[in-house]
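Quick heads-up: structures coming right below.
Two complexes are shown next, each including subunit A; its partner changes from subunit B in the first to subunit C in the second.
Our next item is the complex of A and B:
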């Protein structure tokens, strides 16, 4: 005697209604608030936001930083995932610890550590000066480069692990078969390994990008108020400026970016899945 | 294997080794600076000392923040495990339409900007008249923890043989008992992995909590950023090292009972 399938569906109700009320509804109300003025539909807040050159610069900086962070993370993660997929025994354990430990340590701890490293009288400048690469300390904290390096460091495991997961499942005989048929290494990589690993690349990049576009703690600590991002502008408009209309508008823009990333990446994943 | 292949693999090993060092760098730097005797961050420390650890005892409000964060993390994770189990069973075993959509929806908070969720909750709670900071924080932290639990439970239930539950029921167990005595022990690794990551995500959350606190209810991340603004001395590195120790303990529990490989594939 089994429970009827329809009745099993009811088990989803508590969790689903919780998220509908405490997550979806508030987000929907926030979106609604951004397109309403005195109860009337209006896009005036968006026009106001985009008319301001400062806001456009913040939006562009946020997207640029997120893109560069994703690219840097991908450039480091892809070769790492290749090595990790071939690793065995103690090496595999080292890799796993190197991924899971930083993932388990909070973002505040890591962002704070990067401020120590990038400080003008900090670790990195000491190293650079002792090797004679520079005579005077270089200003690194509060620069966009520092932010991208710090952010890529924090999000790196989320890029490596999805790529590692698909490479690990890949049949290693496939590239070997291609080799026995006379394919060159470059040809094999471009036509066998790379296409098979694309679903992992898409998943990792989408997740990293959506984390990077909305990060708040990392830019607050590494670049501070000098170079605002959309998240920092949102927090500022709510916590200090008390300009809730502006805050709701920026939040909705961030939300729109996040939702498009989800939609585009799941569409891409579905297409890649269908092709194989 | 040709020479080009070997070169290609050698390069990926070099990059991978650098990647490991890069990932461990912030953790090592934090721990080393926490043992300095100096009031500034010079490396290596001029002398080793425990003074910053001792100074933590006198930090006003630090232990209240630790207690509040642990309280929120434990309770929200437990509630998420219950809600998540029910929802994951429904999605895996139900025959209604839109199950994939429900699965995506329950995991979606992972991809949403935390700050935006925080802002939305702040306005929503104000609208419905919920003014109590603790309850606001707890509800917010369930939104943080539930997707972590859902992600691992959905993946592991898809591979679980539900005829075991049916067998237990033919032997006379009620459905809830069959779930508790057959399904939950069988999926213990998933419960542990999902629960541990959910716990750590709650302990670390800043962007949602910052909108829901008041002067008396400050979580540990909020308190830490406040210290960082007010007096950025190596005591912060000592606090951070405490959190790193917590992460190592959690990892040890995970790797002993589940294995690291299953934790990341969870």
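Our next item is the complex of A and C:
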């Protein structure tokens, strides 16, 4: 048994070495730069970073945008996942293609598409004005709201698919059993479907949050330099400021946030799983 | 409820399924099906898979809508009532316990769905768990339970809401044979004590005979016969019922002539006599229950070469050589050593025990 398991474990070796050499090692070397000054260990870079009010604002904005993007994606994804879990045949295929196909369209193309909708003389403003909801065009492009809507759109499949997978696996007789015990549709949803789908919600939220906190192209195109995020700050440090230590520091902070999200979500998933 | 008030079969039905029809994607599962159950009766829907028994159960529960017909319960037409307003509890095949809830929370579910506060469900839950002897497991997660324990929890969960009707879909199929028999006895007495009206769906004829007052044998969306187990076994209405319920010796034959209410029937194993007056030339199926056959000459006699003699402890089964669909089976009480493959034996039985059915082409 053990021997067999060990041998099967060997199959992961190529993938692991690939990750170690191409990803983990350089990343480690980069991160090392954030805690070293002239070869000495130092947290000065971090103190410097957090001392700057601008940096703190960027950090908070990055987290806020990622959180709101996750919430918006969840609000849209959950009903979609329910519909998909119940869909059959051609409808299921249509749903799946609709989820997967947009991923093959480059994120730059999508971000530009959003600018068409959001700009001052864009589609959305035309609609709003034609209905008389507003007299003058509303400024939407270059706002945080536009960024959140755009990001939620791009990351939607990463939220929908894990929830869909969990709902699809759920025993359809559970809601039926609940119904036969007198539970109304709302009671069934709140007490059976929703709690059983939480592992999918946790996984989808972790994916979306991780992607949203480190996104670069979407904020660059939708809000531009006006409202920086951590990723943009990182790129600026490396490319324009040539400050590798600052870049490494911001990267480490981003990584720390991402790792804590992964840890918290796997802890949550394990806890939810243990009860089932 | 008065314990001694056994249902009178002639009374107004408690559950009245009237002319129900259902089709899935253009394929008719059942049409014009009638089914009546008296209060306090334990009834089984017995049949092979695909016969429509589960569909009928789901229509009664309100989990599947019928295309036509009505479901009337206690004089009230509930056809258009959604499942959660019917107060009909269902015990599902693999119990469908809520995996995220503890045993006690599972049992309390129906009460909470009826708006009882979580803190007030305690006494009823304890009582229900006592009933199925699961009180010691109240705080366990349901995944940690064995099959038999899960079934007990499912039954407690279904009964705590005092349902007007209990439906059980293959409730014993997930249990091993020994446990299945214990649980059948247990469940039956529990339901009797509460004068519960219950419908079991099963494909296992022994189970159906063990738990029910009456059995509805279903085939291809129709109820072929609805009768007490003894009646069903002794006087099966159709060849299908005879084949599905219990073993039988069966021979294909053809009516050769009729005389004084009796038919001479020609079979591959000689001429046999049976009561009845089917027209001469009719293709028929003859059946005899194996324990009514003795290894000596009788009013009907067949010479048999044994292919097997199975000593099963309380009984011995003799199988005779026959070509499909003919079957020659004799059941003798006790252990009969000394008979083996290749022996020539006589099977004899009476005319009264000879069942005849017009063969379906």
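Here is the rule we use: the second predicted complex is superposed on the first by the 261 of 276 C-alpha atoms of A that agree within 3 Å, B and C clash if a C-alpha of one lies under 4 Å from a C-alpha of the other, contacts with A are read in each partner's own complex, and residues count from 1 in each chain.
Everything that follows uses one rule, which is that a residue touches a chain if its C-beta (ideal position, glycine included) is under 8 Å from a C-beta of that chain, and two chains touch if they have at least 3 such contacts.
Everything numeric in this text was worked out from a predicted model, so none of it was measured.
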Partner chain in contact with A:251 - subunit B first, subunit C second, else both or neither: first
Touching partner for A:118 - first (subunit B), second (subunit C), both, neither: neither
Which of subunit B and subunit C A:158 touches, first, second, both or neither: neither
Greater residue coverage of subunit A in the superposed arrangement, subunit B or subunit C: B
Partner chain(s) touched by A:100 [first = subunit B, second = subunit C, both, neither]: first
First, second, both or neither for A:19, with subunit B first and subunit C second: first
First (subunit B), second (subunit C), both or neither touched by A:49: neither
Touching partner for A:27 - first (subunit B), second (subunit C), both, neither: first
Intersection of subunit A interface sets (partners subunit B, subunit C): 179, 184-185
Complex contacts: residues of subunit C adjacent to subunit A: 61-63, 82-90, 92-93, 96-100, 109-110, 112-114, 141, 143, 157-158, 161, 167
Contact set on subunit A toward subunit B in their complex: 1-3, 5-6, 8-16, 18-19, 22-27, 29-30, 33, 76-77, 79-80, 82-84, 86, 92-110, 112-114, 116-117, 119, 121-123, 126, 153, 156-157, 160-161, 165, 179, 184-186, 189, 206-207, 210, 213-214, 216-217, 220-221, 231, 234-235, 238-239, 244, 247-248, 251, 254-255, 258, 261-262, 266
Subunit C-touching residues of subunit A, taken from the complex the two chains share: 171, 173-174, 176-185, 187-188, 191-192, 195-196, 272, 275-276
For the subunit B and subunit A complex, residues of the former touching the latter: 2, 4-5, 8-9, 11-13, 15-16, 18-20, 22-27, 29-30, 33, 40-43, 83-84, 86-87, 89-91, 93-96, 102, 104-106, 108-109, 111-117, 119-124, 127, 139-140, 142-143, 146, 150, 166, 169-170, 175, 196-197, 200, 203-204, 206-207, 210-211, 221, 224-225, 228, 236-237, 240, 243-244, 247-248, 250-251, 254, 260-261, 263-265
